[in-house]
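Mind having a look at this structure? Questions to follow.
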Amino acid sequence: MSTGFTFRHGVHPPELKALTEAVPIRRMPFPDEIVLPLQQHTGKPAKIIVRKGDHVERGDKIAAADGFVSSPVHASAAGTVTDIALWPHPDGSYAESVRIAVEPFSAQAARPRLVPKWEGLSPKEMIQAIQDAGVVGLGGAAFPTHVKLSPPKDKAIDTVILNGCECEPYLTTDHRTMVEYPERVQLGIRIMMRCLGVDRAMIGIEKNKPDAIERMEATLPSDIDVTVHPVTVKYPQGAEKMLIDALLGRQVPSGKLPMDVGAVVQNVASVATIAEVFETGLPLIERIVTVTGRGINNPANLIVPVGTKIRDLLDVCGGLTENAYEIVFGGPMMGAAQGNLDTPLLKGTTGVVVLTEADCKPKDTHPCIRCGHCLDACPVFLNPQLLGRLAMVARYEEMETHDLMDCMLCGCCSYTCPSNIPLSQLFAIAKIALRTHKAA
Amino acid sequence: MSDVQPGSGNGGPPPAPEPPEVQSFRLLRTLAVAGAIAGFVLVFVYEATQPAILAYKAEVLRQAIQEVLKAPERYDTLYVHDGRLTAELPEGVNGDELEQIYLGYLDQQPVGFAIASEKAGFQDIIKVIYGYDPRTNSLLGMKVLESKETPGLGDKIEKDSSFVNQFDGSEPMLVGVKRGRATGDASEIDIITGATISSRTIIDIINLSLERLTPLIENYGEVANR
Amino acid sequence: MRETTPQHDLFRGVWRENPVLIQMLGLCPALAVTNTVANSIAMGLATFFVLCGSSFLVSLLKKFIPHEVRISTYILIIASFVTVADMTLEATVPEIHKALGAFIALIVVNCMILGRQEAFASKRPIGRSMLDAVGTGVGFFIALLMMGTVREVIGTGTFLTGTRFEVHLFGSSYEPWVVMILPPGGFLTLGFILLGLNWIRHRREQKELLGEWPEGVRKEKAA
Amino acid sequence: MIRPRFLVTASPHLGGGDSTPTIMWSVVMSLVPVVAVATYYFGPSALLVIAAATAGGVLTEYWFGPKKALLDGSAAITGVLLGLTLPPGLPLWMAFVGGVFGIGFGKLVFGGLGQNVFNPALLGRAFVQAAFPVAMTTWSTATANWWSLRGDNFALPLMSPEVVDAMTGATPLGLMKFEATGTEASALIMGSVGGSLGETSGIVILVCGAYLALRKHLNWRIPISIFLTVALLAGALHLLDAARYPSAVFMLFSGGLMLGAVYMATDMVTSPVTNVGCWIFGFGIGLLVVIIRLWGGLAEGVMYAILLMNGLVPFINQATQPRLFGAGKKQMVT
Amino acid sequence: MGDLMWILISAMVVNNFTLFYFLGLCPFMGVSGRVYTALRMGAANIFVLTITSLCAWFLNTFILPYAPFLRLISFIVVIASLVQIVEMTIKKISPTLFRQMGIYLPLITTNCAILGLAIFQTNRGYGFLQGMAFAVGAGLGLTLALVLMASIRENTELADIPEVAKGTALIFIIAGCLSLAFMGFAGLLSST
């Protein structure tokens, strides 16, 4: 029953995008060291193919895809492999990573094309090229793009949806991409449509980005069916199930994928990247990152080599303020807090948000007062209140019968909870517990 | 259960895997024997206790009638049979199953009828007996036989003497009035504050049963006077 | 079956395995008729009589009762005793019989009594069965008395009201807590007593936990 | 290893809306006008009774509750609301007992804030009403002197109050039910009638409730569905037999309906979590109120109606689970 | 008709068997853990109570006037046997229904709610229809109490109950609260 372009439930966090939404994208200088974890995407980690001491050029493949749902990793700067060891990963663990000491005076210059030109390629060859270029979704989950572009034969895809909602507070990566590189996005759409053999594309953009809407509309190609759709400003408008509901009026059923309702959803930055790798001939080795928050001195939108450490990134942005309190990768609603400044940015890191104590959610929790706010917030219509109580007593199996697995961990419930119960965290733990239990 | 598991260990009966055909006979026999013995014992006890029980019941009734008819010398039991009151029942009619009212005598003169009746009150059924003199159309007294009304509130209908005593000499049909609203009419009964429903129930019981019985009583009066 | 001592048989039911407070048996009468102390005592005595009588008979006849029909036979025996108790009470203390109402008859289905027959009397010699019955009966009596005392004292401010020994505990202007002698008061009183027992047990367990360690150390030192 | 200098918590890192203590304290603040009206009509007795009930609740929470539980303000709400449901002349010790019972048996044994099934304030009142039915149905009338007490407030603990007959009156509902006497609508709405402390000004309660509803501190569906149910049922019956059944306005503004619907049925802990559930809950309360008032043995049924529906809430919650996204018709699985 | 209605309502809510007469507490404590179980137990109860009322009426009218001292014994024996027969019949005719309800039948054939109904009905001298109304009302009341209790207990399972209140203490306090709440029905349909 979604009327107009939105979905039911959800929350309205403060937007807080003013810090960077008008700041043009600029390129950050190469840091002294790059750290590239082998697990930067959803799927199997890549397999290492270099050794300690090897010299690598910018764009060289250092790890190869391990199977279909996997993605290769490329050196994002020229230099020497100094170590292959466990290193802090943004997910909080220590993960196998390649450390590269960046060559101090290298030009990091363009090299012969590593990715072929797209014009002459068949869809199959294009998808292969996209896989070889290590392209993954830049919207957050870093799902390998070539997988999404090769749906099984029996799924009839009729629409490509571009996700330009960027519903998370603070972030402006997609926004600036659409404002500054609209042609690249349009080219990406063309390539995707060709890969999928689809002749309709829709771009969903939240109404709080009028300049992006205008730029995208101004650059719409005339020969193919691409339309721009302003959507309501509401979190999580950018979640793919919600966006599909808003744009197509189709609801992806429990346990199904977008392709089951005939759609492929791709983030605008990912689409721009598809175009970019074919244009420049370089694989995915850098991305646009919003560095923002009141805890940072000079908020900015930066083109950052993948593998840059937080420390180096912050230096470029004038360092932390006195009252910097929490550093988050991604947006503040779903992003992961980082405790270690040596953690590298990954392909899927959309932003680095530095919060002050005043910004953060208060930490003291109270008992659940059954206010029902969380039920009114949950976009997938779960009962977080019940799930939360079940989680507290570790009744995970019962949570599963109450559709825990449909929870997308968007955090709307925790956000509204007056008692500050870490509901989505409890659900994340429960999901992991169930998954490990099943695997065992 | 405590520390003892049925059928386990050394003390208990063996888990008897006997064939069932033999069982069903033993089963019946045992039950029959047990039932017969039980019945025998019970008849014995019944015979021994019944006089006392009946005597007590009669005594309770007698006292109640004494109270509501202001100590008559004796009383007759009248039965409502065939739409009229009668003291003698035809053969084969069991009086215990009929509605009974009592006619009291003092100095060989009838003093009034004692009538028991009941109705649902605040909690549960309230049973009342009251004395009624048809000649003066006035009540002689009222007594609650049975009630489960709230202690402290509803049970004032039996324990609050100022409420109970009002019925002496009151003239039906009765009308309940709030305290302080009384006009002095003999048909008025002051309602107990906080127990309006229980008080009204008593009034209703009396009014309803009189409405029903007055024709019979008048009839009987004619018969008796004749 | 674990062998038990006679003392154990006798005292077990009184407190440690109290039928009402611990085993949750015979709850209905424990709640329904305990609004005054006098009723509680009468009910306790009647149940005691039925329990002892039927335990005696069951234990005596256990050899003759076929296993398959034992429950029916027990109920028959119990029902006979209850009828006897019912009629006797009605003949001797009619007021109390009236106050207890149907609950005298309902002793028949008091699962505590049937439970003792099934668990004990049908397997043990008469002496032991009687000890057990007496213990359990006393335990039931104690539980009823506790309930009755709490409810009557708070509910009317008296003790043993309706008898010759009636005592007014708080003077005449005591405001009775009517709720205590109403049905909710029964549930709440039992809940409250159980709460108290839990609390005592809890305290004791905690003390034991605390007490254990230093004692162990002491023993070690002694050795 | 580098020791983290930064906070590392799970997402979301922002929080929206008011916290639980904020909600609770703002409900307490919103009760100030209601208490003021009660004091206006009933003099110092009103403040004394409310204070005694609050003291009973708050001290119990302090003695037996978790540390710092008082800070969340819920015990204060319970106390004040309990006080508002009591007659002005009630002995203070009885009000105190109500507070102790409400918090002790209505809340703490269930595990404290958020875990209880029955509304603690109403449970406290139900207990006091069942324990001291006479005192709880002794309604005082207005006195000439505002400063004089409206009953034997200072009766000694455990002792019966002395009832001065001249000072007792009846509530509009009592008058309607037991004496077939109506009450002016204007008197009802302005609140110049006998009854419990919080039964006086429907208008003030409505305004405070609207404020709370706007701040999302209560679910507006509950009071609205109660009002609708009572108004429609009472209105229909009134049309059928105006002599026997009072009008809808009378039903809405008499007794504790306003206070109950706005402040007590809406206690989020003891009302359903789902919006559909809230409609059912409100409908049930309205229905029971009408049944008890018109056909029951008691003049007022709001308290029992809410308590009974409280008992049904877990069941309503189970029966009205939200329907999972994508489980509807709007799907196209190819 | 009004009389029958009053008997039914009174047995159901005003003088609820469980919450006011304390009858059938065993199943109330034992089978009130899950709403689903409680519902089926309630249905079984209504069924057995109806049969009981029938038996009691039959015995009271035709047998017991001649042997009043056999009242208790005959109630028990006749009710238990009839339930047994019906149970076997159901088992034959509809195994599904038996699975839904049958397993509860033996649990309640000799419980005090059943015998209590028979005795109350006798003491109050109810006729056949009155007895039926009484039985159905009592059964509905038991079901209501069971379901309420079960849903509340399911709810409290997820709550942080203090150590001392865990278990039966809390169940009785909840029952007390329910009993308090049911006091609101007092006097329903009775007069004025």
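We just call them A, B, C, D and E in the order they show up, numbering each chain from 1.
We take it that a contact is a pair of C-beta atoms (placed from the backbone, for glycine too) under 8 Å apart; a residue touches a chain by one contact, two chains touch by 3 or more.
Treat the numbers as computed from the prediction; the structure is a model and nothing was measured.
Q: Which other chains touch chain B while also touching chain E?
A: C, D
Q: Measuring centre to centre with C-alpha atoms, which chain is farthest from chain A?
A: Measuring from the centre of chain A, the most distant chain centre belongs to B.
Q: Between A-E and B-D, name the chain pair that shares the greater number of C-beta pairs in contact.
A: B-D
Q: Just curious, how far off is chain C from chain B if you go by their C-alpha centres, in Å?
A: 32
Q: If you average the CA atoms of chain C and of chain E, how far apart do the two points sit, in angstrom?
A: Chain C and chain E have C-alpha centres separated by 24 Å.
Q: Round to the nearest whole Å and give the separation of the Cα centres of chain A and chain D.
A: Whole-Å distance between the two chain centres: 49.
Q: How big is the gap, in whole Å, between where the Cα atoms of chain C centre and where those of chain D centre?
A: Centre-to-centre distance between chain C and chain D: 40 Å.
Q: Could you pull out the residues of chain A that touch at least 2 other chains?
A: Each of 367, 386 in chain A touches at least two other chains.
Q: Going by the touch rule set out above, which residues of chain C reach two or more other chains?
A: Residues 72, 76, 79-80, 83, 87, 178-179, 182, 184-185, 188, 191, 195 of chain C touch two or more partner chains.
Q: Scan chain D for residues touching two or more other chains and write them down.
A: Within chain D, the residues that touch at least two other chains are 105, 109, 111-112, 115, 127, 130, 133, 178, 297, 317.
Q: If we use the touch criterion from the header, which chain pairs count as touching?
A: Applying the touch rule to all chain pairs gives A-D, A-E, B-C, B-D, B-E, C-D, C-E, D-E.
Q: Going by the contact rule set out above, which residues of chain C touch chain D in the complex?
A: Those in contact with chain D are residues 170, 173-175, 177-180, 182, 184-185, 188, 191, 195.
Q: Would you tell me which residues of chain A are touching chain D in their complex?
A: Touch residues, chain A against chain D: 11-14, 92, 154-156, 169, 241, 245, 249-254, 256, 260-262, 324-328, 332-342, 353, 355, 359-363, 366-373, 375-376, 378-383, 385-386, 402-403, 406, 409, 411, 414-420, 422, 424-425, 428.
Q: Enumerate the contact residues on chain E facing chain C in the complex.
A: 19-26, 29, 69, 71-73, 76-77, 80, 110-112, 114-116, 119-120, 123, 163-173, 175-177, 179-180, 183
Q: If you look only at chain C, which of its residues touch chain B in the complex?
A: 1-2, 4, 12, 17, 23, 62, 64-69, 72-73, 76-77, 79-80, 83-84, 87-88, 90-92, 94, 115, 118-120, 122-124, 155-156, 176, 178, 181-182
Q: Applying the document's contact rule, which stretches of chain E touch chain B when the two form their complex?
A: 6, 10, 14-15, 68-70, 73, 124, 186-187, 189-192
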